[in-house]
Amino acid sequence: MLMNAKFYLSRLNEEGWYYGGLPGLQWEAEQARKQKIDFLRKIVNELYNDDRFHEFFYACINCGNCTAVCPAFRFVDFEPRIVVQKVMHAKDEPELIYQMMDQYIWACYQCYSCWDVCPAHNNPGGLVLILKEIAVRYGLDSAKKALEPYSKIVYKITTTGTQITPDMHTTIALFRDWGPHKAELAKNIRIDRKAVPVPSLNSVMDKSWKVDEQTMRELMIIHKEAGVWDSIRNTLKDVADMIEETAKEKGVK
Amino acid sequence: MMDKEILIDFKKEEISITKEDQKLFQKLVEERRAKLAKGTIEDYLKMLEKMKELEKKGEIIIHHVNEEYQPRLVKTLSGRIKKIPTVELWQHKSCGQCGHIPGYISALYWIMNELNIPYVDDTNQTSCTAWNYYGSGTSNTLAITAVFLRNMHVAYEKNAYPLIHCGTSFGDYKECRFFVVMNDEIRNKVRAILKKIDRDIVIPEELVHYSEWLHVMRNEIAERKKYDVSNIKVAVHAACHTYKLMSEDYTYDDNILNGIRPAPTSSIVLALGAKLVDYSTWYDCCGFGFRHILTEREISRSFAYFRKIRPIVQETQADVLITHDTGCVTTLDKSQVVPLAHGYKETIPVISDSQFAALAMGAHPFKICQLHWHIADWRNLLNKMGIDWQSAYDDYKKYIEDIKKGAKPFLLIPPPRKLQPRVIKGKSIVS
Amino acid sequence: MTENKEEKKERKGQYIIEREYIEDERIIEPEKLDLGGVDASGRWGLIILPRVITDFDHSLVEEVKKLPRGKHIENCWQCGLCTAVCPIAHKEPRFNPRYFIYIVKMGYKSEINKLKGLFIFAKAVVYVLKHVLSMLTQLVL
Amino acid sequence: MLNDKAILVIGAGPAGLQASQDIAEFGIKVVLVEKNNELGGAPIRWKYHTLAPDFVPTEKVLGPLINYAKNSNLITVYTNSIVESYERKDDHFNVRILNLKNKSIHYEKVNAVIVATGFEHFNAAVDPRYGYGVNPNVIGINELEIMISNGKILRHDGKIPKRIGFILCVGSRDKATNQWCCTVCCGVSIKQAIEIKKLIPDSQIYIIYMDIRTIGLWEKLYWESMEEHHINYIRGRVGEIYWTGEKLLVKGEDTLVRGPFEALFDMIVLAVGMEPGEGTKQVAKVFGLNLNQYGFLSPRIPNIHYDSGKDGIFLAGACVAPMSVEEAISEGSAAALQAIKYVMQKSKKVP
């Protein structure tokens, strides 16, 4: 066996594949190459055994309908078709999935235009969502980076069942790009909220509307039992602690 | 019916898509796409069949849209006739609307009070928690399905039919219902979780979005119209999650936009007599991006502006952009500030269909329609509608001063209900 | 895109998670931007231009067809065989002959500008020569 | 009367057999000349296990045709024979048939001729990229069909392959070899891929293609292969197959997802296309039929296959253009009808 065979063979991963990557996207392949193979296989198994997987993926003939309607594709080199293709081949080549987990899947808007037009009933948006859930459950760096600025929302949803609460809009700091009118609103938000004529909304600041204590307890029990706290713990550890603390205060063991 | 005669005729000049063949081509593409979505019909109808079987076997309870809710019939994309309840509604509020642009829900409640529609504004309600599901991937199917069924069970207890305000809640509840009915494993796991908060699986026979309620009530609303809006050019943006997520189950009407596009919101604009204008990026998302609107707004505002605001203003010079979802109003309204500062010119006010209807019916622009939460300039819209917004704003300012001095704020109290809450298996009903 | 640490910090739009998939020239990050009293400079005023192509630009293809070896560019149906056999492509994937023909035929000037200044050709040729020489030495010895 | 008439059918493939049966059932004698030893043409010669798109066993389709040809007293069969020359009389042909095995000569008087000499698979050794014939475990879809019929897919070392790659358009759509598309190798390869998946459930099967052309009702093969059998598809070409001593290192490019790739395969199947067979060239020379630029018999009008342009001579099947078994059979009937009409007109039966 001539020397060059050894050279080529040395470049292949454990699955016996070497990916050059499309022009300009080599870094995806490099990232994936650094991972250990059984970790990649674990991720792919979790994807393939998800309850929704068989509703979201059937076949893909590369027709490109999904990419044609994808909003993210108009600004970012993200294609739902590539997601389905890589998911389709991931069973035999797990490295393909990890290539997307770093940045690719976070570009998706989850708007499901792709699900609406796919001639094979595939749901590329749904596959991206499953991969996001896996990224959060495994606490990948991409999930940490994507959700770090998002932690207050995760806390609010899992403890009060509501989100975008008025108390997050009392200063312009987080919303400078919404301009002077927003600054004006932030200043007198408390009084404006007193003028909202809807009974369950009037004067409420820490939640979107008054939520009963019992309702919040039930919500927290649901999230605890369904394993949401565990996946949050893997990515946003401090948020998970805050959630459990609040839950204890509200009498949820 | 008012809107029968006023048909969208693609050839009319005020819809300023330039080339004739482009319009014909677009019409054909949409007709094909409407049929394409029919491809998923079989699974959907199978799901509805299986839901009935599960009810017979006693595995689940179905919250039927029976006579007491005075249902009206609409056609869905799948051709199936859907029953839309009109009274005794359980308001499933949206966290984005309530926390951010309350004009949505206050206008809707005001309209319902005007039409004397009894409803329940419940505090035993959580949002659909899709911010954890689609937004961040921290949730999973079990959690969001359990939250869905918990809310539906509360509505069932109160004997009020759930009316869902947020497009995303409507979309993901359709998805959850599909999986809870079709996937036995998920159903059993969810039942176990619900047992822990001693509730059971109650699945609504129809999942109804509030825009569908406005659709079926559009003529009663049009009759109470106070302002003439016939000179207002309105562009409509349909929220993706209402008609693309499980696309079979949203209202389509052959007389409105040829039955190719969803009827709600467009129908109420036509019923009110305003001019509905069409634009080329109709099918596009608003740029909400779920996570992007909060933590990566660079993407959201660029998309919303270059793909939505700019094409609409350039192609149609519309006076207002109307949509029926939280995320869309927030994204389209707030994303115009930075591009304008960069020197782009196009801008357009963005409000919800409930606000537009309430304005046309003469509701107070600020006390009821809460327009002051919206950033894109709505002043010349109100001028064009003939609403003296300046005096209304001074009136609102005075009202704010009174509240500061301790006056009790005016609240929209729902009309009294006729139906009694249900007693289930001896469980004491939380009033 | 392996870049050194400092350059990464000032890189435009660095807070965007899917940053690697957006070309630099499409990101406009203002040094100073004032929104009626609110300071929205830097990340707060950043906008991204769309990459939607509104018209196909055939000038490049016409230019190539005039070249003596360029007449057959119209025949290419992107089968990928040229890249499949190209030793340089397998070492330096940014050098993708099929992709060069594709962007010329489609007239994607932005993609072509990306390739300028990348000395991938030289790097790759050096690799091939090294590789071939090592094989020859093995055969000869 | 008709029963003293006879029609010569050259080539006992699906087209020839169907033509012979139709003519015989009409009561006209048939002289069936076949170059090889057995009847049935390519499907039998390469022991096709089943036919696309519905996996109908070849036996079920061709078996009755072959048995009819063997048992019908109106059909005289000459195997291992070719038509060496012919003499044109005003209402019949005198045909000289040479038996290649025992060199015996036979003369037959026929009133019309149907040419149904079929196709040959492209010899992949002509295209050096794949190392066909040099690299072990690089086989053609025809050889694979034999393996599937025997129910055992084995490598050269007797082991069961895990990762199998199909490379489509071998020798086809290529100016260096055959410029045309053989219309069937997509459907046939996918059918075989599904059959292999049934024989070896945990195998990884890749189909490397430029375009998937599963025309008409064959499309369901493409979708089913992904939905139920999890066959992988790579859009691109293979540049080189290198035998590393134990596996095949395949170098190619995936134009849609992976870019340039290299992968180790246990077995590579080349979807070899169709080209005009030796028989077609020989018959064309004998009867003076003209060939088109690709070497297929060219009818007077390209869209009407049976009309050869020469009086009394009709064409049918893959000798005119690449086609599937089902099309060849229907072309056999078409040519038979024309030949019968021609014979009856000559004997003044039809106005």
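Chains: A, B, C and D, in written order; residue numbering restarts at 1 for each.
One rule holds in what follows: a residue touches a chain if its C-beta (ideal position, glycine included) is under 8 Å from a C-beta of that chain, and two chains touch if they have at least 3 such contacts.
Keep in mind that what you see is a predicted model, and the values were worked out from it rather than measured.
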Original post:
Which chain's mean C-alpha position is nearest the mean C-alpha position of the whole protein set?
Top reply: A
Original post:
From chain D, which chain is the farthest off, judged by mean CA positions?
Top reply: B
Subject >> Pair of chains ranked first by number of touching C-beta pairs >> reply: A-B
Original post:
Roughly how far is chain C from chain D, going centre to centre by Cα mean, in whole Å?
Top reply: 45
**OP:** Could you put a whole-Å number on the gap between the CA centroids of chain B and chain D?
**Re:** 60
Subject >> chain A and chain B, separation of their C-alpha mean positions in angstrom >> reply: 24
Original post:
In whole angstrom, how far does the Cα centroid of chain A sit from the Cα centroid of chain D?
Top reply: 52
Subject >> Residues of chain C engaged with two or more neighbouring chains >> reply: 17, 35, 40, 44-45, 48, 50, 89-90, 93, 96
Original post:
Counting only residues that touch at least 2 other chains, which ones in chain A make the list?
Top reply: 20-23, 25-26, 74-76, 106, 146, 177, 179, 182
Original post:
Considering chain D alone, which of its residues make contact with at least two other chains?
Top reply: 235, 253, 259-260, 262
**OP:** Would you please name all pairs of chains that touch?
**Re:** A-B, A-C, A-D, B-C, C-D
**OP:** Would you mind writing out the residues of chain C in touch with chain D in their complex?
**Re:** 77-81, 83-86, 89-90, 93, 96, 98
Original post:
Which residues, counting only chain A, touch chain B once they are in their complex?
Top reply: 51-52, 55, 69, 71-72, 74-76, 106, 109-113, 115-117, 119, 121, 129, 132-133, 135-136, 143, 146-147, 149-150, 153-154, 157-158, 161-166, 168-169, 175, 177-179, 181-182, 185, 188, 191-192, 194-203, 207-212, 214-219, 221-223, 225-228, 231-232, 235-236
**OP:** Enumerate the contact residues on chain D facing chain A in the complex.
**Re:** 163, 204, 206, 212, 222-223, 225-227, 230, 232-235, 242, 244-245, 247, 249, 253, 256-264
Subject >> chain C to chain A touching residues, read off their complex >> reply: 1-2, 17-22, 26, 35-40, 44-45, 48, 50-52, 89-90, 93-94, 96, 99, 114, 131, 134-135, 138
**OP:** State the interface residues of chain D toward chain C in the complex, per the touch definition above.
**Re:** 129, 210, 235-240, 251-255, 259-260, 262
